[in-house]
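Starting off with a structure, shown below.
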């Protein structure tokens, strides 16, 4: 067991895997445990970067790049702006937290998920539907599948982003600051509907 | 090097995409109109939306059963057609509720209607595919729109509702993603027909059961959230309360239909594969859901919250039917929602027209029971109609929900689950109490105050809508047969 | 040799960390961070499975998850902004006007 | 002859309905007259029928219309006029006619005069149905009908308030009416059971069909039916232990007591036994018959003993009725049905006379009935005195009056059947009968004038009333002389009712008669010595004796009413209350409400999971998810 | 008029709808006219009824939801015919004598809808249709009790509704199960009762289904221990509500037993004779005792209803024509008599605004007509021969005697106990001195009240003296039912019992 671990550790991939694993775990732990939102966010961003490391490690280069661009570039930037908008840099007090429950649930879910994944999920019999082509770059491969098979989801994702955009704009817009609902306290305008008495 | 891929347009079967495209284009048109002229009255958007949906409805009706399109991503089978019809139909009848005599905040946004249409497109994508990716994307498109629509009501409560819904939705999305990952790990595919094939071959492998069960649980969590099953239902009452009545009524029907379709696809697959455990899990959740939400509805002080709990209970009811995994069981889901839709439309419309900007009867609630005290004296027709909806919800024949209920129970009996039918029966009896409570307030108590201002929001179009809902509720007996045979035909045609 | 299991287990652990974060956080913004963690964990799983099956679907899924995460952030932050304008706070515990 | 049957039957109904038309109007004398005429008509019809039957011997059997038909069950309104029923019809209609006429005078001042006649005629109608019916169910109609009329008439003065048992042993007319009705109902249940038993075993309720089947029935069925029917008879004829109602029924107007509670209704039980003589003659039921005889004897003695100390005029007569009913049952039980029937008729005449005389006294004394407040009334009420004396002599059983012949025959029967104990008791009772009858006569009409000091100014009844009573007096005297011709008449029916004394008894008949006469005379003499004299031998109340054990025991009717009250009425009330407040409200209903309350409080409890706090919601979600995962893992591992 | 049953069902409903436009001041006349026409229609039905035919007549069948086997299927036989007539009659008389003035329009309209549902229940031959009317009947009744009742009216109304609703849902599951079996045996969906009759079910199925139907019907009857809603419902309901409730609604339960339980589950019915008889006996004796303990006149009559329903239940399970016919007849008799009694109590309540016996006493002197009619109804209630009450009660006891003499004796105590509580009411209310000042100026029945009661008195006596016109058709249908049960029973014990209980020894 331990020997296996050493052997694995000594390969390049193994070394990287364990390094990334340790770091992401640590960083994400900071993200969820830190009282300082700045630390949390920074560690989240760092963790994202490391996750793209996993992707590169797994040969999903395109995904790795997207991860860097979208997550680290866009999402984290959004969060950063939001953080500033909300003036949330001060320490956050976590009241009413039932730590026991949280860790028990977290631990239990980790345990069960690990148990699940420890099962022999991988099967040699499964034939890849969209195999990666030998000698072709990942980005190209992805591109082909994305624009054929997954063109519809891709377009829907575009729609989703449009929705998100519209939503962001109108929600953050000025019109939300006051209620446009008509004032109904003007009772003299009330349409009176009643039974003839 | 890669060969260039040649795809014939024929083989794409683009027609399968037409309905969604119509809604998307419709949404865009509304946005464009707004760009050109931003002084337009909401009624234009309402009517445009209905028209777009009308075309959409026609497009869906014209689809052939059991077609796939776009590299098999799109799946137009029976349930996809009928669920799209339900979604579009439901949307069509809930839209005109915007036409109140008083203006509400959200309806001053053309974006509201655009988002509404996009949401429908999202639902349509969700039901018209068996690819988990498209399902996920469609689901999120719809959900994100819905969150926004709720928040657009622009009251403190609506934000709270939107935040709650959103946060829990994000968590559910995480579970969905994880569940898909496990399925993918098991089968190397995220397309359900393929998944079923591979899983069928792997059912006998030792040590795999835990993962199969686990995958079902993870997906279950995501859909139980959408379907508001215990213990993932906690958002429902708050969100219904925070959202405007039309939206609340809408939420109790349309998103659930979409979620049910996906559930049928996913969990039906598990049950078909012989994973009895999934059936029992669903049955257990369903029974707990209907019972618990029923007894919680008993103690509500607000009609809208009561209706929220009642919709949870109805969902549990239907979920139990789904677990049967028979054609009848699946048919009953759609039949139930088709019938439930009209009654719910009426009930929420009645709440909607009695809505004030400020809370006049209770500091915490918009629609406390006291508001409806002595309704029969203030407006007899209104009270009678509202009572009809309540009776229908309670399952009193011959009103619409009864036919759904009886069909569900018959399906349970046919599948050999007599105990389930009994549980359903007893639950209906408990439920009768809280529906009755409103009737009691309306008919048997004396008015409290502000008697003349209850129907504040009433307008002609809303009267038409309520009239329509009333007729649909009362006359259900006459259209159940065609509806049922159509639904049953569609469902058995798609092999569920 | 690093097997699929290794990746899946790290994904499982990260997912659980995210879950714990969701449960623990009282600040809505930080709660959103935790949901990102969960989605990222799933992405690792997808990428790994994809790699081991030599199949692109997983990467596709991960790709769409990233898109979804981005959209969610946009909408989520939009809602947070209106909420913040009204309440002046992002604390979950302040959000309990509807109950029962 | 059919039309006479219908006239006899429906003339009283017509009278009743006619009176009912004026039921809510003030007194109209013609209502009474018309009512009496209708009843008279019925009597004429009955008499014609009786005469025809006597001369031709043809039994008239009519079937008016269907009544109840269900399944195989088929009962019609059918009427039979044979020797037994015609006897009853004649007696009933005759006494009724006289009582009607009497009531015109007696009820003179009552504002509900018309109503009274309506009830009274309705009673006669019911009684006619009872005696004429050709099946058990028809009999039951009459049976219940007379019960209702009795209820109405006993409670006729319903406005009187309840008193304590010490003040008035019958509490109030309405109480007494209810008691009578309910006690009769208890017996009626027995009778119904008998009817069921006969129906299911013979397939019919027609007398002739049922009796034809009797030989084929098992002993159990026969005994059961005999007992059940007799229970019915016990109620109506007020046999122990269902006897208390009869004395209480004296709360009703006196004509009612005379007609219903002396002459007719109370004899219905005897009539039933006589009617069912084929059943009671079956050898299998001989034990039951003997029981009937024994009970009758016992009641004869028992009732007579209570009459010894009673001070209430009407109650004494009621006890004597009870006692005489005992005689009739003794005869019927011993198989001498025709003798019982004969005594029934004779008794009807002299007892009605006695009651009506009592009514005169009561009328004169302004409803005062305490004998100790009377005395020496014969000077003011000569006619009444004569009537009362005749009736009392008849009752006491002195020859040649009616009572002697019939009663002596019964006592003789007891001797003939070798039931010497019964014989002895009956003889003793005869003496007691004579004593209390004459005690009553002497206390009221003889001795010292005790009423004038109390402010009573008695006066004689209307003349027409006295004239109306005369037929009864005549009959009370002469009936017995026709005993043999009656015997011939009734023997036409057949074997069932025939009863002859054995040679041995016949031989001793004279001596037996003398013994009875001796006892009777002794009774009269003792009564005379004690109560009739004036001056220093005049009757004085003896406090010490009245507080004695036996005196009090008899005075309180052996504490039977008290026993009923303490052990039946009160517990019943108590249990009913408990059932209502403790069982129905606190257990049955509380369970139902408990379920509802449980659900509601469960709702209140579970409601708290809905804290409104998003964090909690997320926790719920996570708990649900993790729990499901754990369950999934565990169930997968288990298998 | 072949479709007279449809007309009978929907005429009041249509009239009710049109009634919304009728002016408030004329609505009483409108309502009475409508129910009078309805009554005439039901008489017409009787007229056109072929007395010799024991089967279903005036059958109408239109498939409604063929995929579920639900159709619009109506028919009447001798058993339902008279219940229908009684229903229309009691509605007519109840409405004619109604003293309510508050919200009269709503009341009349509710009554019209109620009448539709009541008639519907008795003519429906499709189980779902039956269930439909059955459930719908709760709604107007809920309103009538809840809106015009006494202080606890809301509680009473809800209790009434929920109790019945719960029971009937269990029954619904039973119906669905029967339909399922029918489908699995024949391949056709059908809820038609006549189709179901053809089903021969194994005994254990029969038992379970019997229980399911029993719960639905027993609550409605109401059988012990499900009876506690009725004192509240009666106690709180306005007069008209009590009249309809006692006269018609309770009969739905017993009618259900005749229509469903007996012919469909003959073996289970035979097996459950003893338990049902025991419950009926408890109803008869226990509730009679409770009635005796009541202080409120109306409650006495309410509990007496339960007691009488016990007799009806007993007769249904006598398994012979005598008992069954008697039972059906007793339904009519109880409907008329208890309806009349409730009307009478209502009339005195209108005058004095109290129903407590202690408030009265001696009022026979000031209200002789009232006392007379009350007395007649009381006597009918305690089963006096030559009144309508006797025929049914006698036949039931007669019939059940063949099943169990001991139980019959116990049940027979009803004639005693009934007299006990009823006479107590009579004594405490009408007899005794008139010492309450307020009672001295009570007015006797007015013309309207008198004339609404006189028909009932007439019927009480007519059917007591000559029940044949009604009893014969009932008997015909009942005999057909019994021979059908005999044919269908699968266990020999059941066959034996049905035969045995229908034969008399010797004779004939």
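Letters A, B, C, D and E name the chains as they come in the text, with residue numbers starting at 1 for each one.
Methods note: contacts are C-beta pairs under 8 Å (C-beta built on N, C-alpha and C of every residue); 3 or more make two chains touch, one makes a residue touch a chain.
Everything numeric in this text was worked out from a predicted model, so none of it was measured.
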Co-neighbours of chain E and chain D - touch as defined: B
Far-end chain from chain B, centres as C-alpha averages: D
Result of counting contacting C-beta pairs for A-B and A-C, higher pair: A-C
Between chain C and chain D, centroid-to-centroid distance (C-alpha), Å: 96
Whole-Å gap between the CA centroids of chain C and chain E: 65
Between chain A and chain E, centroid-to-centroid distance (C-alpha), Å: 68
Between chain E and chain B, distance of the C-alpha-averaged centres to the nearest whole Å: 44
Touching two or more other chains - residues of chain E: 162
Where chain D touches two or more other chains at once, by residue number: 596, 607, 610, 612, 614-615, 618-619, 622-623, 625, 629, 632-633
Shared interface positions of chain A, touching two or more other chains: 96, 101, 105, 109, 112-113, 115-117, 121-122, 126, 128-129, 149-150, 153, 157, 160, 163-164, 167, 170-171, 176
Pairs of chains, among all present, that meet the touch criterion: A-B, A-C, A-D, B-C, B-D, B-E, C-D, D-E
Touch list for chain C against partner chain A, complex: 1-21, 23-27, 29-30, 32-34, 36-37, 40, 43-44, 47-48, 50-57, 59-60, 62-64, 66-75, 77-82, 84-85, 90-91, 93
Residue ranges of chain B touching chain C (in the complex, touch as defined): 132-133, 136-137, 140, 144, 147-148, 151, 154, 156-157, 159-164, 166-167, 170-171, 173-174, 177-178, 180-181, 184-185, 188-190, 237-238, 241-242, 299-301, 305
Chain C to chain B touching residues, read off their complex: 4, 8, 11, 15, 18-19, 22, 28, 31-32, 35, 38-39, 41-42, 45-46, 49, 53, 55, 57-58, 60-61, 64-65, 67-68, 71-72, 75-76, 78-80, 82-83, 86-87, 95, 97-100
Residue ranges of chain D touching chain A (in the complex, touch as defined): 615, 619, 622-623, 625-626, 629-630, 632-633
Footprint of chain D on chain B - complex, ascending: 163-164, 167-168, 171-172, 175, 209-210, 212-214, 216-218, 220-221, 224-225, 230-232, 234-235, 237-238, 277, 281, 292, 295-299, 430, 433
